[in-house]
């Protein structure tokens, strides 16, 4: 295993030291592994918190700041944080108008956030609502699975709903918007390589030089199927087609071409060119886009495509000022 | 018949042995989780049970079973995360809630507490038989345990039967297609691998059986 | 070779298609492989152009926009662009006040930019000045080498000098500032893996699982020496010590912890924590910092450290608004 | 003595053969550049000479040597980039500038043009003997060429001598520590590898020798 780390079991704690050093505009609670705004938003505004296992950076800590999250809870690599952390983050973030928990749909994340909400209800009078993102079309959403994974749409949701919260919308309205965004988004991912979980010390799966995994999530789990490696134009097809087959994507949309951590930006732009061509052919009018590493899977080489159908309201909220280390504009 | 009293010390020894087993088999549990999950189950269980042993080793030992298991459950919930944290955490929390402030268990009350733990796991995770989860090792283990006790067996017999049933249940997860947890994302590709959580659950009952068989059970007229 | 590409000999052209699709605020001249601002800066202001081989993204195209570059020329992967491209970019960028060519010190880049300046002088009356960056302390600066490589300081220079140009400083002042910035900066890099040049099809160098290269540049060339792989804290030492040994870095500075393309952000933050500790111990007062992938070497895993001594003038220019896809704030 | 006229067709054939050689050996040149550079010399030379052959193949063929070599040089300068683009580009540009509007070369005028090309390379790159660059193949090649001509040899002899000297110069770069170009960054680590540019320069003289030896040179009283 080749990584820029010290003790493989201490990666999160060590990385948070760097986050604290790099970002005076953020506070890092090392004990609770929480990142939150040094300057909280105004009293009376709804707060947003999210959290998840480490290894997806910049998600979520990189999206804490004006216009997006108020706090982020960090679990160990690929391991959901714990209810006490979430409860702490909820208290830190609340400005009297309640807190929205943004949860990616994984059994662990969902159960831990559930327990956190139970704690909040029993131990405090903070109003907590939850949105669970589940946009990954690689997973059949059926009683035969834990449901679709929450992936790329989580990034776009944190931006859009964060803007609505800054506007002063109430918890019910913010929650309703969050659900609307989640329902309007779909994602599909692929991997050229596995990632290596530091504590595991070796790649999560073996894969041949001439193979790739289609339908991967963001935890190094194998995808839905393994196929021969193909040119970018063909890979784009294998990502775009399942999305267009899953919902009617015609009309204006925000599109993200996301890198999984190990693929350089030049490849991501090349993929975006291929993906945009296919989406436009499919009737998608790309109104806004993001190309880069936003929700990653450690050092995995590969990418994912997210298509979020966006009406004027969503576009307006998308364009609103945001000031985080991961996304910044209009500020 | 044996009175089969199970003291707090013995229960603590059970937890200690479980901590040993998950730490020894950490790499193996992670290996299993690599095949159909995200390669962290070994790290999660080792981290959690290490925290547990630090917690109950520190300060004054628990005075009663409810206190002991509630603190075990809380420690797991706050130190593990992932799916196994809330699930094993709830398992022990419910054991504690059911136990009451008793200084020890006997075969019956231990069985009742374990059953409550299983119900907690189901309440939290909604797993059913055959979903390819820890449930598939835990449920048969408790059925075997209860059968042994109600058949007049000793706690040692019951624990041994539970261990055997847990291993059988663990092995039976191999051919299953997962319907809960991360492994369910793999669909058919999840078949042919043991479930990591069922494997750590088998270790829980291995620890119980080994620890209790260490008890000398006086027989009386 | 596992990459998100089509024809390995067409990577740059294909990637530029994606850049054009992703960035309506930029114009892409596909024939000349030039990226420039869709909305040029005001007449009478000095223009900045840079360029280099592809494979270092976001450098340089990602730094075209308000407050930084006016145009960027793209060569093939790791191959300097050609004089005609540079001449074209010079013409496109010039707003009547002259053009600064920002050149990284590599024989190819320097010779091609020299020829471009000769062309500009003979074919047009555009005033052209040149700054050559050479901040890599891994290379001894002697008559026995082509001189130090231009690496990380190039990013910081493009930001700071770009701000000065927006202020309306004249070509002489902008050029003098550029030279001052270059002289105040030092960098050092390391690699855990090689990169793979698409057209070459395999890693540029072989390296063992237990080895790393210290003193690499950004072209996949081996470094100054190969050593056993070490923890992040030790790697930080091997990067920081040569920098502190090379110049008196005491006092305020802008520090960049740069990823080479294949190392995930969580590792870069972890490294930043280690590096910041050592620099502060060495008397460096970190006034500003950047952590991320800014000047990369395709898919190489590794990082570099850049320390730029920064007086109040440089800090003020650093903080000035910038609006590019690679760096954006204050806007 | 032979008149040894070298027609424009023949000079074009030389360029065509050089294009063939760098394309065939593209992977090898890149391999050499991987060891002490950035793994692109093969791609650069192949791209450049392919562009050259397209350029001079298209439209009406050049009417004179100056025209031919200036367009070759310009095409290399605008299609290659890197270090080799300006260097080989300047080499041919200077050949063209010196040649004048002649319809052909003889042994002497070809030598003069080649020498001017070398001077262009030095003016552009400031290389000296032993810096481990293309200069180390080019300079000995031209010395051998001139010696052969002034010794009364045919252009075939001269080209063959140049080729042999270029290969010797190429091989002599192996032990050198580079003082110019990327390889110089490696310091001592650059020793033990052939220089890629010296290797492509040897191909340039191989192409010349092979092409000219194809000429039939009538001998007359």
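As written, the chains take the letters A, B, C and D, and residue 1 is the first residue of each chain.
Methods note: a residue touches a chain if its C-beta (ideal position, glycine included) is under 8 Å from a C-beta of that chain, and two chains touch if they have at least 3 such contacts.
Keep in mind that what you see is a predicted model, and the values were worked out from it rather than measured.
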Q: Go through the assembly and pull out the chains touching chain A as well as chain D.
A: C
Q: Starting from the mean Cα coordinates of chain A and chain B, work out the distance between those two points in Å.
A: 33
Q) How many Å are there between the centre of chain B and the centre of chain D, using C-alpha atoms for each centre? A) 77
Q: Could you please state the distance in Å, as a whole number, between where the Cα atoms of chain A are centred and where those of chain C are centred?
A: 29
Q: Would you mind pulling out the distance in Å between where the CA atoms of chain B average out and where those of chain C do?
A: 56
Q) Which residues does chain D have that touch at least 2 chains other than itself? A) none
Q: Specify, in ascending order, the residues of chain C that touch 2 or more different other chains.
A: none
Q | Chain contact graph, described as a line, ring, star, complete graph or other shape | A | line
Q. Of all possible chain pairs, which ones touch?
A. A-B, A-C, C-D
Q.
Touching residues of chain C toward chain D in the complex: what are they?
A. 9, 53, 75-84, 106-108, 111-112, 114-115, 138-140, 143-146, 149, 197, 199-200, 204-205, 217, 219-222, 224-225
(Q) Considering only the defined contacts, which chain C positions touch chain A in the complex? (A) 2-7, 11-12, 14-22, 54-55, 57-58, 62, 192-193, 209, 212, 229, 231-233, 235, 257, 261-274, 276-277, 286, 289, 291, 293, 296, 298-299, 301-303, 323, 328-331
(Q) Taking the touch rule as given, give the residues of chain B at its contact with chain A in the complex, in rising order. (A) 30, 34-40, 42-44, 47, 77-87, 124-125, 177, 179-182, 184-187, 189
